[in-house]
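Two complexes come next, and they have one chain in common, subunit A, joined by subunit B in the first and subunit C in the second.
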Partner chain A sequence: MKETRMVRGLMVLVLLVFAVSAHAGEVYKLGFSGAITGPTSDAGNPLSKGIEDWFKYVNDTKMLGDDKIECTIRDDQYKTDVTKRNFEEYLDEGIVFYLNYSTGSTLGLKMDFEEEMMPTVPSSYHEGNLVNSNYIFIPVATYSENMVALAEYVTKNHKGGTPKVALFIHPSAFGRGPVDDTKKAVAAGLDMDIVEVVEHGKDLDNSAMLKRLMSKGVQYVICHTVQSPVATMLKDAMRLNVNAKSFGEEGKLTFLGAHYTGGADLIALAGDAAEGFLWTCSYNLTTEDNEKSKKQLELAKKYGRDDKAANSHNYAAGILQAQIPTEAILRAKKAGLEVNPENLTKMLNDMANGFDSFATVGPVTYSKDDHVGVDVVNIYKADGGVFKAINSIESEYMKKLRAGM
Partner chain B sequence: MVYFFQIVVSGIVVGSIYALAALGLVLVYKSSRVANFAHGQIIAAGAFITYFLTVDLGVPIFFSFLASMVITFFLAMSVERIFLRRLIGEPIISVIMVTIGLASIIDGLIYLTPFGTENFSFPAFLPTTPLTIAGVSISWTQLVGVIITFILIGGFSWFFKKSTVGISMRAVSDDQFGSMSVGISVPRVFGLAWATAGLSAAAAGCIIGNITGLNFDTLHAFGIVVFPVVILGGLDSIMGAVVAGIIMGLIQQFATGYLDGNWGLNGTGDVAPYIVLLIILLFKPHGLFGIHEIERV
Partner chain C sequence: MSQNRWLATGNFYTTYREEQRTFSTHLDRTIFTLFLVLLFAWPMFFDLGNKYMFVVDNILIAIVAVMGLNLVTGFAGLISIGHAAFVGIGAYTVASVCRTMGTSHELVTHFWPLLIVLSGLMGAIFGGLVGLPAFRLKHLYLAIATLSFQMIFQWVINFMTFFNQGQTISIGRVYWITGKVGRGDHYEFWYYAILVIVILLGFGIRNLLKTKYGRALVAVRDNDRAADAMGMHPGLTKVYAFALAGFFAGVAGALHAYVFRGVGFESFTLHESVSYLAMAIVGGLGTLNGSFWGPVAIRMLDLQVEHLSEAAASYLPQGTNLATASKPLTFGLVIVLFLMFEPRGIANWWRITKSYTKLWPFRY
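On to the complex of A and B.
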């Protein structure tokens, strides 16, 4: 009698354990490798916080029901060899989706993503990521789209003849990438004269370069680099009194820049010299004070982030980078499919009816032929120490270039 | 002509700052024959200490600047005491490897703070309107940077030539065993060399940070950027660092002003100083002011 009771009790216990484990749901493993320290970590650090916070939010609010996302975040210090090691370890752990960071490592690991058939969202918006790639999904408009959009903005708003432009770029694959596309856009009919392409170094004084550009009649400088060299150049331009007070002011230089050139960091570094700087970005800024920015600030507050991280467009970039796989998982579950790399790739390729993110200025859409999420960029202008949206633009010429004219 | 003179002024400004940043390398080499690969990290640390004192503790920037030089003086002295003192008498390559390790350790420590990953800038404390004479302009930041550079370099030159401690440091540089035999404390001299290098690095960090903004990667890169200056001037010559710094600054600015953008050339401002460096070293392998040692066996 006693033995029978014990056996029954044991059976009930086993059933309970099974029931609890069945109720606990699935755990989907993801991995992120990025520059949390080291070069470019001023962008990578808040970006990683955005990723971390969004996945915490997904799990805390039971967005996936009983299922959970477990995203391992590792620092690669901007070193491609470390990124590769991280990626390989993530594969061993059985990830279903991968988040990468730099242009160099995304280009370097592109074939690995193909071989492993691993859907990947990088923080790099380099157009070259899309060449011969089926598994890389860029979150927002590419660097080329940003730069060509700025060039289009210049040609539309310039008065009097063909605008003379200099491109001020980072001396790397990241910096050089959009130059060819801008030149192609000019060859395709964009009415602009690219007088010079300047690859900057670690310059303490840009007087010689700025004077040279002025002597060649340059009117606009479009930058594609990071904030620090742009800030030094803007301060020198203000000292030499060659910076335009209004767009296209005659005899002066109007400065514009793509994605990583602007934001709160530029204003922190350049101060008053940043006033009037025009900057493209696909992310919604918290200085816009709209519903979207309120959601971003709430998320940051919920997870105890400081003001600097909460208001960073790189924090928004991290949120979006995490929202993309979350959306793919939600859609796979809704379709009754197993959550694995193959099905998540399929979900993204079928995401023509995209989703709205509070982090961005436009909807996130993908298709088999279009692996760029948000196509629109906002043009922000530095005004009174903050960037304010003045326009929204989608590059027409990049569409033409991608369509092969 | 304004264009030409603007480039001359910019070249002198950039060159002077290079000279100041190079000074710390020269000071350490002059006494211990060691190339310090952690110099850039000390430059960055000096700039961040000044920022922290000014912005977070509200200390007036002039006193923060002085305090950061004092702090890095003792910081560098401690580094020498803890990590390098025990390597006296060991092969130079071992000491150089330790400085590379030190650079990694300081990197790691700075990455633990917000300074490792965020951008900052010093609050404006100088007039923003530049000084302009006959169309040639120089910002107050640059002018003050140049003045501080020449004060420090003048001070160190006097120190090494006239003061007893400075002469004993030169003696240690020439012959460690000979110096010990006349009662000079070699460990003390090494400590002092590192300390003075730390002091000059802090000054360089503040001046560079005031121009470029405070970004760790940008700041610590200057520890490497100024190596050609030290090699051109002669590894153990303060005057060499000044002359080579200004030569490098002028070549860089003239190449940027007159070569870049013409005949398909680009980035010559970064390359030209190295080409000139190689040519000069072909004729003067010890640099412009370096000591040519003759060993007789």
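On to the complex of A and C.
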């Protein structure tokens, strides 16, 4: 009798264990490797927090039902060999989706993504990521789209002949990539005269360069680099009194910049000299005070982030980078498909009817031929110590260039 | 020579031939052979996973490079601050073949041992060229000449479109007698390939140092005028030391290209040159086994500091950037501590340990 009770008890226990495990749900493994410390960590650190917070939010709010996302976040200190090591580790762990960071490592691992057929969303918006690639999905408008969009904005709003432009770029593949596309846009009919391409060094003073540009009749300087060299240049321009007070002011220089040149960090570095700077970005800024920014700030508050991270557009970039695989997983589950790299790639390739993200200024859409998520960029203007949206633009010439490719 | 061929109780050589033996006792030879067997056998019993096998491969590549640096800086006494550029020459030799013939060309995928040797030769040519100022320059002035080469290399790679302006150039997967080496076997395959190369080059150096050419390196380092008076040509010896170091670096570069399956500019910067120099110092300049200890110590330290700074980054405020600073700080501290307290490097600890076991169980 006692033995029968024990057997029954055991059977109930076994059934309970099975019942619990049946409700436990799946765990989808993802991996992110980025510069949380080291060079460019001023962008990489808040970005990784955005990724971390979004996946916590997905699990906490049971967005995927009983299923969970387990995203391992590793620091690669902006070194491709460490990124490769992290990627190998993630592959061994059986990830279904990968999130990468830098341009160098994305290009370096592109062949691995192809071989492993691993859908990848990088934080790098380099146009070259898309060449000979089937598995890289860029979250927002590429650097080239940003720069060409700025060039188009200049030609549309410039009064009196062909605008004379200088390009101020980072001395690397990241900086040079969009220059070729801008030159192609000019060759395709964009009415603009590129007078000089300046690859900046680590100059502490840009007086000579600015005077040279002035002597060549340059009216606009379009920047594609990071904030600190732009801040140095803007401060020098203010000191020399050559910065335009309004767009296209005659005899002065109007400064414009793409994605990584602007944001709160530029204002912190350049102060008043940043006033009037025009900046393109596909992310919604918290200074805009709209429903989208409220959601971003709520998320940051929920997970105890400080104001600097909460208001950073890089935090928004991290959120979007995490939202893309989440959406792919949701769609795969809805379609009754197994959540694996192959099906997630398929879901992204079929995402013509995209989704809206509170982190961005436009919808995120993908197709087999279009691996760029958000095509729209906002033009923000530094005004009173904050960037305010003044326009929204989608580069027409980049569409033409891609169609011709 | 001791009567007992298994245990030596002192250095009793009666001929130069005896002194030049690679192993002084049978016990040394047996232990070394067992160690080699262990090196070849352990991957069959322990699965490290691709991540850590990649780390091991990296250490072996650094060993090849540091063996070369030890020849020029340790044995010949010529400071080279451009060693990473020589490694880059080897890597970009493979990359250039890929750029011109394609990543899947048979020369890259099937004849890879040939390409590795070719990369070594390219490294040797450039090493010899950079060594030419050694005819007239010495000490720090010569070091600056190697630094110039490092700078020229960086600028050329960074700006020439042929080298993809420093962006990664992909390298195809290689073939072995069993077929194409896929991802599953990639790091283990290269572990064995690099291990064979390390052993061959290690024995090469060991034997070289017994010849007049090897002794000339040491003689020129100790006193180049005396070496000149003894009939050696100090200038040519220095150039040949640079060429030898270039060969080792070139081979290391080719191995790097194959293991990473890509060549990008950032692996061959001045920072990497300083890292190689640090490995040679920490391991022990002017010793063969120091070339093994240094890369192991520095690469493992790097890995541990990486884990620590990653953990610290989650707790420390972003603005302080303490986590970012921890890696260079630790690196610098280790170099300073070694220079202050153990300038002969880890190789000296090995020497002390060996002396102790040689005497044991006696006190002296």
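The definition used in the following text is that the second predicted complex is superposed on the first by the 404 of 405 C-alpha atoms of A that agree within 3 Å, B and C clash if a C-alpha of one lies under 4 Å from a C-alpha of the other, contacts with A are read in each partner's own complex, and residues count from 1 in each chain.
Just so it is clear, contacts are C-beta pairs under 8 Å (C-beta built on N, C-alpha and C of every residue); 3 or more make two chains touch, one makes a residue touch a chain.
This one's a predicted model, so the numbers in the text were calculated from it and none came from an experiment.
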In the superposed model built on subunit A, check whether subunit B and subunit C fit or clash. clash
Using the superposition on chain A described above, determine whether A:363 touches subunit B (first), subunit C (second), both, or neither. neither
Taking the superposition on A as described, I'd like to know which of subunit B and subunit C A:270 touches: first, second, both or neither. first
So in the superposed three-chain picture, is A:74 touching just subunit B, just subunit C, both, or none of them (first/second/both/neither)? second
Which of subunit B and subunit C A:215 touches, first, second, both or neither: first
Once the shared chain is lined up, is A:172 touching subunit B (first), subunit C (second), both, or neither of them? second
Per the contact definition in the header, classify A:354: touching subunit B only (first), subunit C only (second), both, or neither. neither
Let me test your reading of the model: by the given contact rule, A:248 touches which partner, first (subunit B), second (subunit C), both or neither? neither
After the superposition on A, what does A:45 contact: first (subunit B), second (subunit C), both or neither? both
Name the contact category of A:108: first (subunit B only), second (subunit C only), both, or neither. second
After superposing on chain A, check 37-45, 55-63, 109-117 or 127-135 and name the one in subunit B that bumps into subunit C. 109-117
Take the contacts of subunit A with subunit B and those with subunit C, and give the residues found in both. 36-38, 41-42, 45, 171, 308
Residue positions on subunit B within touch of subunit A in the complex are 3, 6-7, 9-10, 13-14, 17, 111, 114, 116-121, 124, 128, 130, 137-139, 142, 208, 211-213, 215, 217-218, 221-222, 225, 253-254, 256-257, 260-261, 266-267, 269-270
Give the list of subunit A residues in touch with subunit B in this complex. 36-42, 44-45, 171, 195-199, 201-205, 207-209, 211-213, 215-216, 227-228, 231-232, 235, 238-241, 265, 268-272, 308
Mind listing the subunit A positions that touch subunit C in their complex? 36-38, 41-42, 45-46, 74-75, 77, 79-82, 84-86, 88-89, 91-92, 104, 107-108, 110-112, 115-116, 128, 171-173, 176, 306, 308-309
Would you pull the subunit C residues touching subunit A in the complex into a rising list? 49-51, 54-55, 58, 158, 164-168, 170, 183, 187, 260-262, 264, 266-267, 306, 309-310, 313, 317-319, 321, 323-324, 326-327
